[in-house]
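Which chain is which? They are A, B, C and D, in the order written, and residues in each are numbered from 1.
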Amino acid sequence: MSPKKLNLKDKYKLLTRDLDWEFSYEDRKEAFPYEEFEGIKITDWDKWEDPFRLTMESYWKYQAEKEKKLYAIYDAFAQNNGQTNVTDARYVNAIKLFLTGVSPGEHAAHLGFAFTGRQMGGIGARVAAQMQSIDELRHIQTQIHAMSHYNKFFDGFDEFNHMHDRLWYLSVPKSFFEDARTAGPFEFMIAIGFSFEYVLTNLLFVPFMSGAAYNGDMATVTFGFSAQSDEARHMTLGLEIIKFILEQHEDNLPIVQKWLDKWLWRGYRLLTLVAMMMDYMLPQKVMSWQEAWELYFEDAGGSLFKDLERYGIKMPDYTETIKQEKEHLSHQAWWIFYQYTHAAAFHTWTPTAEEMDWLSEKYPDTFDKYYRPRWELAAEMEAKGERFYTTGLPQLCQTCQIPMAFTEMSDPTQVSYRESIYNDERFHFCSDPCKSIFDNEPEKYVHAWLPVHQILQGNCGGGGLDKVMEYYHLDDGVANLEFEGSPDAERWKEWKGVA
Amino acid sequence: MTIRALRDDYHGEFKDSLEKFGGAQLVYLGWDKHQMFCSSRAFPLPPEMRFQELLDNVMPEAFGQHPEFNQIDWNKAQWILDNSAFQPDHSKSLTELDIGHKSLLRLVTPELTGYKGAGI
Amino acid sequence: MTIEIKTSTMKPIRNTYAHIERRFGDKPATRYQEATYDVHSTHNFHYKPLWDQDREINDPARTAVVMGDWYDLKDPRQFYYGPYVQNRSKMQETAEGNFKFFEKRGLGDSIDSSLREKIIQLVIPMRHAEVAANLNNMYGTAHGTGTAVTQALIFEAMDRFGNAQYFSKIGLALDGNTGDSLATAKEHWMSNPAWQGVRAYCEKTLTIKDWFEAFIAQDIVLDTLINDLYYRQFDEWLTQNNGRDLLLLMEFMQDRAKDSQRWSDSVLKVVVTESEHNSNQVLAWISTWRIRAQEALEPLASALLGDKALADAFAVLEKRLTKVGLNC
Amino acid sequence: MSRVQIAFQDNDESRYIVAAIEQDNTTAVVHYEPAMIRVENEGSLIINRDTVSEQIGMEWDVQSLHINLITLTGHIDEDDDYFKIMWNN
């Protein structure tokens, strides 16, 4: 008997979907207890369309091949002192931000997908989430290994995980992922699986990695593209999950729309870090934040939302605000870090004259008018030997936890202040979407660990700034402050043989 | 405003309520159209602090780095407290002036237009 | 500016990350160490889980077992993602070769019908049991503490899903890719009395709330017994009963079980030697689950291998427990 | 019609895949970017196993696409002999 030829779809069905069974001895709800409280109605898990059809054996095979390639490059990079090939030591600060701000998020995503990969009732969806979970573990680990060599030659990497739980600006990504993980399984899937992976990670990874390529950073570009190859699978899962939920029951639409409105905004605010990285931190620029936003969100995201219209999904109202903010975001963000760099684990600097010209060209309507003068003021102060570090602690947005630095788009010189009063206490927000996220679930967000308030309550080492720096494991004069004159800058000059 | 959670009694603890600040209350201070300071800032202040003390002791710490700080005419300064216009009696305390925990107090100086007149 | 590099000045300013240095001293670290230690977030959590408001999102209290340092649960194989997938990739290559050989040589045709039926009735349904193993290990990944153990748990989870697929492939190899054997096997899983105990046990494990208890019920109690029954005793039985060719198709599961046992032994040992509290707790779990396992496996073991088989498997479990200092 | 896109790491294997795409999708536009090759097309884009196999000169497994893939947009339809991405608008 010659065996029947099975095509990929049939084979995958037999090897995966058919493995589940109806419980007879226990209540299935006891095994999957979190499936209902969010209000999502699933009537038939069998309608799940597998977004990709990798069996474990193919998974091991292809992933092993990717890993082999990746680590061969890491080894070569270390053996050849690859860190000396980057365009300039300033560049390295972008990847410090990556390791401290992005990589721990990969681990949080790993745990979150493990949760949904355990808790969703349908085996097709579970297995896809499980594969994403183990991929995310891959990402944190390959990133730690990629940065391991940089850590031996630059400051600001060595305390990345201690800082992740404590340092003020790292509460932005930390709270983002914890917000998703503390939600139910379906919200997590819409938050990270769809909104973040599908709509926004291209904006995180592709510019970072092209930036790495432009700036001679072989280690980062390699892990980045290698991670992106998993990302392509993740995106497919994200798209499938939203379609699936929407097709299951019409009552799911308003819930999903609310989650989309929340998570696209949360994700966008998180990407503020990427915006400033692209426009200010790369010595050799790739494209502006505005251009990246247009290419990866407005264009690609636009097609996506057109596709989702059939289910009744609407692009969030605030996308108009984002459209205007794209000309302001990176400048406002870098200004925050420029003046608080004494409490940050990377260096900042004023843009050079050529860089400012590039910014004028990329942002003709905003840079010269609103932002060039800031850098002129900074340069003036620096020339007087009074490099500007601001005093005190910033007011933070209760939701996104970024300092209240964003401005009204109707008047870009006016800070945008929003507030809500809940149970007689006042809460502050940087924007309408951050306010409405809070207003929808105040009992969740009152519990946010806001770094500034924690410092002022004495929970971060107690006492003055020096105690807080100790709590952060941030040695003054090493990983923090202005780039010029930093130990990083001095070592770089020594390597390059310039006085 | 109801949250959907596994249990109906889900609640978060207020992480920043007044009693957690050791007798102080938080006040946020901002200076409109002076974006040299990237954002308004948070100060723990005694509720019995007089407004005049705030002007004398806190404002310089908050905004003294600005080149225009010395040009502020405090008698002409305008104020916005929690999004409403506000005319403080300098001899009164924060509590008496209804400057509460986590209140946002904004200084407005229309005659000072910031560095190079750019709102900085 | 010259781009010539002075290699003499190219001295590292530190050997590894600070948390690794605090644990292991100021020397170059292994990739396992850097990828594993202290990766779990431990402080300053933001929100209460909507599904578990009494605990933090990462909370050691999700098990009754208490560890001073969860990173003591080191994986003796030192698997982080890279070595894990590369190791399994090699194993699957062998398995792939075995399956191809089996198919190409038509070895399925030479298996007599009673043996074929036995495999379909009593072996292929394992594909469902492996799904429970997948979920129980995934549960530990999601709720456990410390990357040392949570990463090993997800490797185990993915392995077990792989096992489920390999068991399914055995079915396909026997039914000429029609899938008929899988449908029949599922009927056995659902209603053959030989399987109902195991199925009830699996369903029960999926309702466990404490992730370390799930590890005990699954990876220690049930797996030790199943591994002995299927990968030792049934292996011998096949050798003696004209089923050698089928061993080719079981090789992956057999090798993998050995590899996994080194890890689970070590986890168990470290946890019970940590404190009397832990060993008492673990013993309490074991005594509950071994009684359930006894009931669950009796009909299956008898049907597969005869009446004495389960006692032999329990002797192996006993030995395993004694080795880590657990005297039941 | 919305545009779909797919990007690969810029290496030798990808070049054969891209050549096969160009052959089977005559309107596709190929962009060579740093370390990456990005291909765009209106509506949909297909990668056929046979065309890639022909280009490489040996059997090519569709799923090995994952090794060099960087990103894509659109819905996916994948089988033994093709990999397709498309928008439904």
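Details
Note that in this section contacts are C-beta pairs under 8 Å (C-beta built on N, C-alpha and C of every residue); 3 or more make two chains touch, one makes a residue touch a chain.
Predicted, not measured: the structure shown is a model, and the values here were computed from it.
Chain centroids computed from C-alpha atoms place A closest to the centre of all protein C-alpha atoms shown. Distance between chain centres (mean CA atoms), chain B to chain C: 57 Å.
As a whole-number value, the distance joining the C-alpha centres of chain A and chain B reads 31 Å.
Centre-to-centre separation between chain C and chain D, using Cα means, comes to 37 Å.
Residues of chain D in contact with at least two other chains: none.
Multi-chain contact residues of chain B, defined as those touching 2 or more other chains: 3-6, 10-12. Of all residues in chain A, those touching 2 or more other chains are 33-34, 37-38, 65, 184, 444-445, 447-449, 454, listed in ascending order.
Viewed as a contact network, the protein chains fit none of the simple shapes, being neither a path, a ring, a star nor fully connected.
Across the whole structure, chains are in contact as follows: A-B, A-C, A-D, B-C. Chain A meets chain D in the complex at residues 7-9, 51-54, 58, 62, 65-66, 202, 205-206, 209-210, 213-214, 221, 225, 228-229, 231-233, 235-236, 239, 286, 299-300, 302-304, 306-307, 309-310. Of all residues in chain A, those touching chain B in their complex are 33-34, 37-39, 184, 332, 335-336, 339-340, 369-370, 373-374, 376-377, 388, 390-396, 403-405, 407, 413-415, 417, 419, 423, 425-428, 439-450, 452-454, 456-458. Across the complex, chain A is touched by residues 2-5, 7, 9, 33-36, 62-64, 66-76, 78-80, 87-89 of chain D. In the complex of the two chains, the chain C residues touching chain A come out as 1-7, 9-10, 12-19, 21, 31, 34-35, 38-51, 57-58, 80-82, 85-86, 88-93, 95-96, 103, 106, 109, 127-128, 130-131, 134-135, 138-139, 141-143, 147, 150-151, 154-155, 157-159, 161-162, 164-165, 168-169, 172-173, 176-179, 182, 186, 189-190, 199-200, 203-204, 206-207. Interface residues of chain C facing chain B in the complex, by the touch rule stated above, are 47-48, 50-53.
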